[in-house]
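Heads up, there are several structures right after this.
Shared chain: subunit A. Partners: subunit B in the first complex, subunit C in the second.
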Partner chain A sequence: MATVDTPVEARRPRPLRQRLLGTDTLLPYWLLLPSVLYLVLFFVIPLSQAIVVAFQDPDTGAWTLKNFSDLLRWDYKFKPALKWTFLLAVTIVPLQLVTALLVALLVNTRFRGSQLFLYICAIPLGLSDLAAGLIWYGIFADRGFLNSLLYALGLIERPVTILSYTQIDWLFGAVVVAEHWRATAIVLVVLVAGLQMISKDYLESAEVLGANRWQRLWYVILPLLRPSLQAALIIRTIFAFEIFAVVIALAGDFLPVLAERAYTWYFFRQNLQFASVYAVIILAISLIFTVLYLVFLRVREEERR
Partner chain B sequence: MTPTMPPDVPPGSRRLTPREARNRVLLYMAVVAIASWVLLPIFLIAVLSFTPREEFFGWPKPLIPSRFSIETMAFFVNSYGVLESTLNSIWVALLTIAITLVIAAPAGYALSRFVFRGREAFRLGILITRMFPTALLAVPLIVLYYRLGIYDTLVGVAFIHAAMALPFSVLITTSIFVGVSKELEEAAMTLGCSRLEAFVRITLPLALPGLAAAAMFTFVISWNEVFAAAVLTTQNRTLPAQVLANLRASQPYFKVAGGFFMTIPALIFIFLIRRYLIQMWGGAPAER
Partner chain C sequence: MAEIRLENVWKVFGKVVAVRDVTLTIEDGEFLVLLGPSGCGKTTTLRCIAGLERVDGGRVFIGDRDVTELPPGKRDIGMVFQSYAVFPHMRVFDNIAFGLKMKRVPRAEIRRRVQNVAEMLGIEELLKRYPAQLSGGQRQRVAVARAIVLEPQVLLMDEPLSNLDALIRLQVRAELKRLHKQIGSTTVYVTHDQVEALSLGDRIAVMKDGEIVQVDDPTTVYEHPADVFVGGFIGNPPMNFLPGELVAPKKDGFLVLKAAGHEIPLPETLSRALKEHVGRPVTVGIRAEHIEVLPKPEGDALPAQVLVVEPLGSHLLLTLDVGGQTLKVMVDTDLQVEPNREVGLRFDPAKLRFMDRETGKALLP
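On to the complex of A and B.
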């Protein structure tokens, strides 16, 4: 075709597109605009609204801490909810980090079938927390699989009640198991991606210099994986504070947690103030960890240079 | 990290030393154990969902039911509001896909094709919103939704689901457009296509399978979401909201069947888009 030889500048007259959208230098901004607007709209408006509802007197509109002090006075489950949410987070997140690291190292040996293995381990990533909670309910319930298994092994005579409000430690344990099963996949995927980014050169050099397997893990892999470990840790910690449906499915409101309280106050008692206060508390915790994430991410950028 | 092998010998074609053989056996034992830990609960709830009612409550309960029965699943599907809320869930997911793709695909295209000021800032914003507990914003949205008249509507739920899915969608579409050769597009433009024509006639067809994956991922996010849907609806509930609202009063077999019912579509879609799972949480789109 003749047009191929035409000089680029003389290709065609200034098209309509350019008059509408400016030059190519502006085009990317037009393309990003909808996303930016949507996210700003959906984060800024509800966030400011949450602060307004949580910090304003519903009758007078004056700025006040009354909602918080009322909550402390009326909701005797506030302190337990705070306690259990923190306890769940500090129990589950380190467990997940260790398990995910071991599995990620296993995947990274690139054995035959490792991709299938990784996919299987990532399956819970696609499950809702409610479904995961109900799956484990089927195992822990009175006539569930755990009891049947223990009976088949001759360990028990009759069903043992695991999920009962009289044994809050057992409820806690059940939630830890279910949440570990459900949400370790995210940590795993972050760590696998991090391991893939580590250049083989480092490992080969270490090997040439006589480092054994453990030395390579301890002095080469783990330090280079630190940014991914931090990212996974912070992502999982933020998610741990919104733990919700797994707890509801397994423990109802007998194991109070922050998000469950927000839901209960709005859904069963129509109290938007208290629900907002809980939402603000969780959002504030999340924001703190987001800032930490940013700080660490900056470290990461510098390390890359 | 396996001991050094001669590079010209493909693995497996060489006789293993006893030590290597032992290590390999240990490796596969660990792999099978971990995979079972992940798969067993899903398998168990599937078995339980198709266990006849009398055996569900019987004791001692056999580990394998004596016959296959759809009673429990039929009870769940026919329970009040379940069918309707399933349809609602599908509608919300489709709306979410529509909103998300229309907004995210241009952004993904921009990130994949252009170098511009603010690019890194935008990517950082996407990474942060990806991990933000967006569902909790549903609580303050209640008032606004009432004012706008979209409280308890499927559109309202789809809006917040789209806000949750958007960061992921931008990341997926970016990596998809990176995968479609820029040269093909430029060739088309040299031959007289405008950028839009080049996009529609060259890039879009090549990107369609990837965009389908992005749509499925969005479907899974919306289908699975519990908190926001439960807070923003009272009558027009999605399936998870419906199950959650009835949880306290419901029978064990309702819960089990509900858990399994919600799991099936997620499992299918996750299988179809397994290639993208790592990219979603690995941080960097394929480009790096």
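On to the complex of A and C.
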């Protein structure tokens, strides 16, 4: 009586995990699913809706550029907002890059307590931008910390008004200082990580070959840091064009910026079209800069380590 | 070209003494190998010569210049790193030209000198490539070219072959030796590979625990190790060591070595040289290839039992038992042996190395 045995393997039920999730090759996709859902729900859908609204006639639903031309005609603050947003971005981003690079190089010397120093520098990362704006409002206000300090030191006799719509340059400066304080740390963290990836053999090799400090920075460190610089610049530039809460806290709408215009049109004027047009403009600017960075700071395949 | 002089050099990292009071003169044009196990301080010694480490004591001279306080770039040295450290973002040409560019050499001269060195190393076809497009051996050559294009007085190499495949390593090793003859710069070469050290060095400095144990030409280091450590570190298989005792017999003046349960009479010269050590416990060292194996224990040959037979291609490596002690012996492949067989051993007592059992130091120079 010979019976053919089924192999033991085949008789055993598949593990629960496999039955629920499919084969192991599908697992990565299951793990990606939550973040993909999140992005679709809160970014892709609102974004496409905004694009649709921006390019549609609100009455007829026809595709049109009318919203853009109307905005140019009616919103007298569009051009100032564009100007100030650009000026803030081109002032803040390079300033942050230089500061972050200097501090990153300092941290990378691994001096005693450099890790602690890095953590302290990174504290503003944990603050919301509105909170950061309010902190600096507390410093720059007429009866704020700065005036109190100067008064206590006997440098002034009465409070100096820093934040006033009559001095838009001062408002601009205050925003630059606050943003610089708030958002440089993200660049710093990216650059420190990048510096730590550069083998010290390259630097010692350059040193033996007679390169001084500056030459090592210029010819070895900066080129090898390019991927990190690229990442940091993309992140910072995109966020710089979205600047909002710090400006609101320090300058209200006396210093108009693009995101503030979108907010104003949406909440105070209930104009979904103009708000969407602003959103599309911010998106377009961010895209253009990202592409520029990707092209000009790219590391070609053959240059990789 | 210049000699290198280390005078009482110390280097300490925290509580670890990496280099302990090293004094060493490397002659002009010499190829000196710093050899030792990992952590012995050989690389740190090299980095002290390069100026990549500040010495904590002592002085470093290159030629007649005291370079102790000079940065690496001002010491007139070239260095090849273990990782090669070829800049990945520069083409081969710019890598080799880097040092010349830093020294603001005119462009035309840079081109000429890079071309010369590239030809010398056979990489002139690769000048336009990026390092990622090169093989390990080619990258290593770029690193060497970059170091020698400045025509430095001193060339320092830190395990330059350790990242290469075994086959290419042999080839590059021979090339390095030829290159040294050609350019003649004083060379210090760090390795943990004793075969590399023996094949390349004019002299070998063996290091252990931050100290130099022995500096001699390869033959002397191999045949007359200064202590048990050197004998055990150099050679494959390492030197055999047996505990023994020197005794003075009653009749003639010759000494007898008692080891592995046997008495081995020593010849006249050796007896005279070792006379003062009679009665002292010693360690006897002998190289695997200095022992002759007879198919049968006969006459005055020491009886031994074969434990393991390992054919190595060109030779057989035998593991033998002699009076309870294990010996490694290298014999020709035509010897008929198999495990458990009784054989006889014969050797020239002049090839024995006598060390103090306690300190491990050789009793005779």
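Criterion: the second predicted complex is superposed on the first by the 257 of 305 C-alpha atoms of A that agree within 3 Å, B and C clash if a C-alpha of one lies under 4 Å from a C-alpha of the other, contacts with A are read in each partner's own complex, and residues count from 1 in each chain.
Keep this in mind: a residue touches a chain if its C-beta (ideal position, glycine included) is under 8 Å from a C-beta of that chain, and two chains touch if they have at least 3 such contacts.
Remember, predicted model here, so these are calculated numbers, not experimental data.
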Practice item. Please work out whether A:73 is in contact with subunit B alone, subunit C alone, both, or neither, and reply first, second, both or neither. Key: neither
Practice item. Please indicate which partner A:199 is in contact with in the superposed arrangement: first for subunit B, second for subunit C, both, or neither. Key: second
Practice item. Counting touched residues of subunit A, say whether subunit B or subunit C comes out ahead. Key: B
Point to revise | Which of subunit B and subunit C A:207 touches, first, second, both or neither | key: both
Check your understanding: For A:224, is the partner it touches subunit B (first), subunit C (second), both, or none of the two (neither)?
Key -> second
Review point. If you stack the two complexes on chain A, which partner ends up touching A:106: first (subunit B), second (subunit C), both, or neither?
Key: first
Review point. Touching A:215 in the superposition: subunit B (first), subunit C (second), both, neither?
Key: second
Review point. Shared contact residues on subunit A for subunit B and subunit C?
Key: 207
Point to revise | Interfacial residue positions of subunit B with respect to subunit A in the complex | key: 1-2, 4, 11-12, 24, 27-28, 30-31, 34-35, 37-39, 41-42, 44-45, 48, 56-63, 102-104, 106-107, 109-111, 113-114, 116, 118-119, 122, 124-125, 127-129, 131-144, 159-160, 162-163, 166-167, 170, 190-192, 194-196, 220, 223-227, 230-231, 240, 243-245, 247-248, 252, 255-256, 258-260, 262-263, 266-267, 269-271, 274, 277-284, 288
Point to revise | subunit C to subunit A touching residues, read off their complex | key: 50-52, 71-74, 77-79, 81-83, 85, 87-89, 98-99, 102-103, 129-130, 132-133, 146, 150
Check your understanding: Which part of subunit A faces subunit B closely enough to touch in the complex?
Key -> 1, 3-4, 8, 11-12, 15, 17, 24-25, 27-32, 34-36, 38-39, 42-43, 45-47, 49-50, 52-53, 103, 106, 108-109, 111-113, 117-139, 141-145, 147-149, 151-152, 158-159, 181, 186, 189-190, 192-194, 196-197, 203, 207, 213, 216, 228, 231, 234-235, 238-239, 241-242, 244-245, 248-249, 252, 259, 262-263, 266-267, 272, 275-276, 278-279, 282-283, 286, 290, 293-294, 297
Revision key, fill the gap. As the complex stands, subunit A meets subunit C at residues 199, 201-202, 204-212, 215, 219-220, 223-224, 226, 299-305
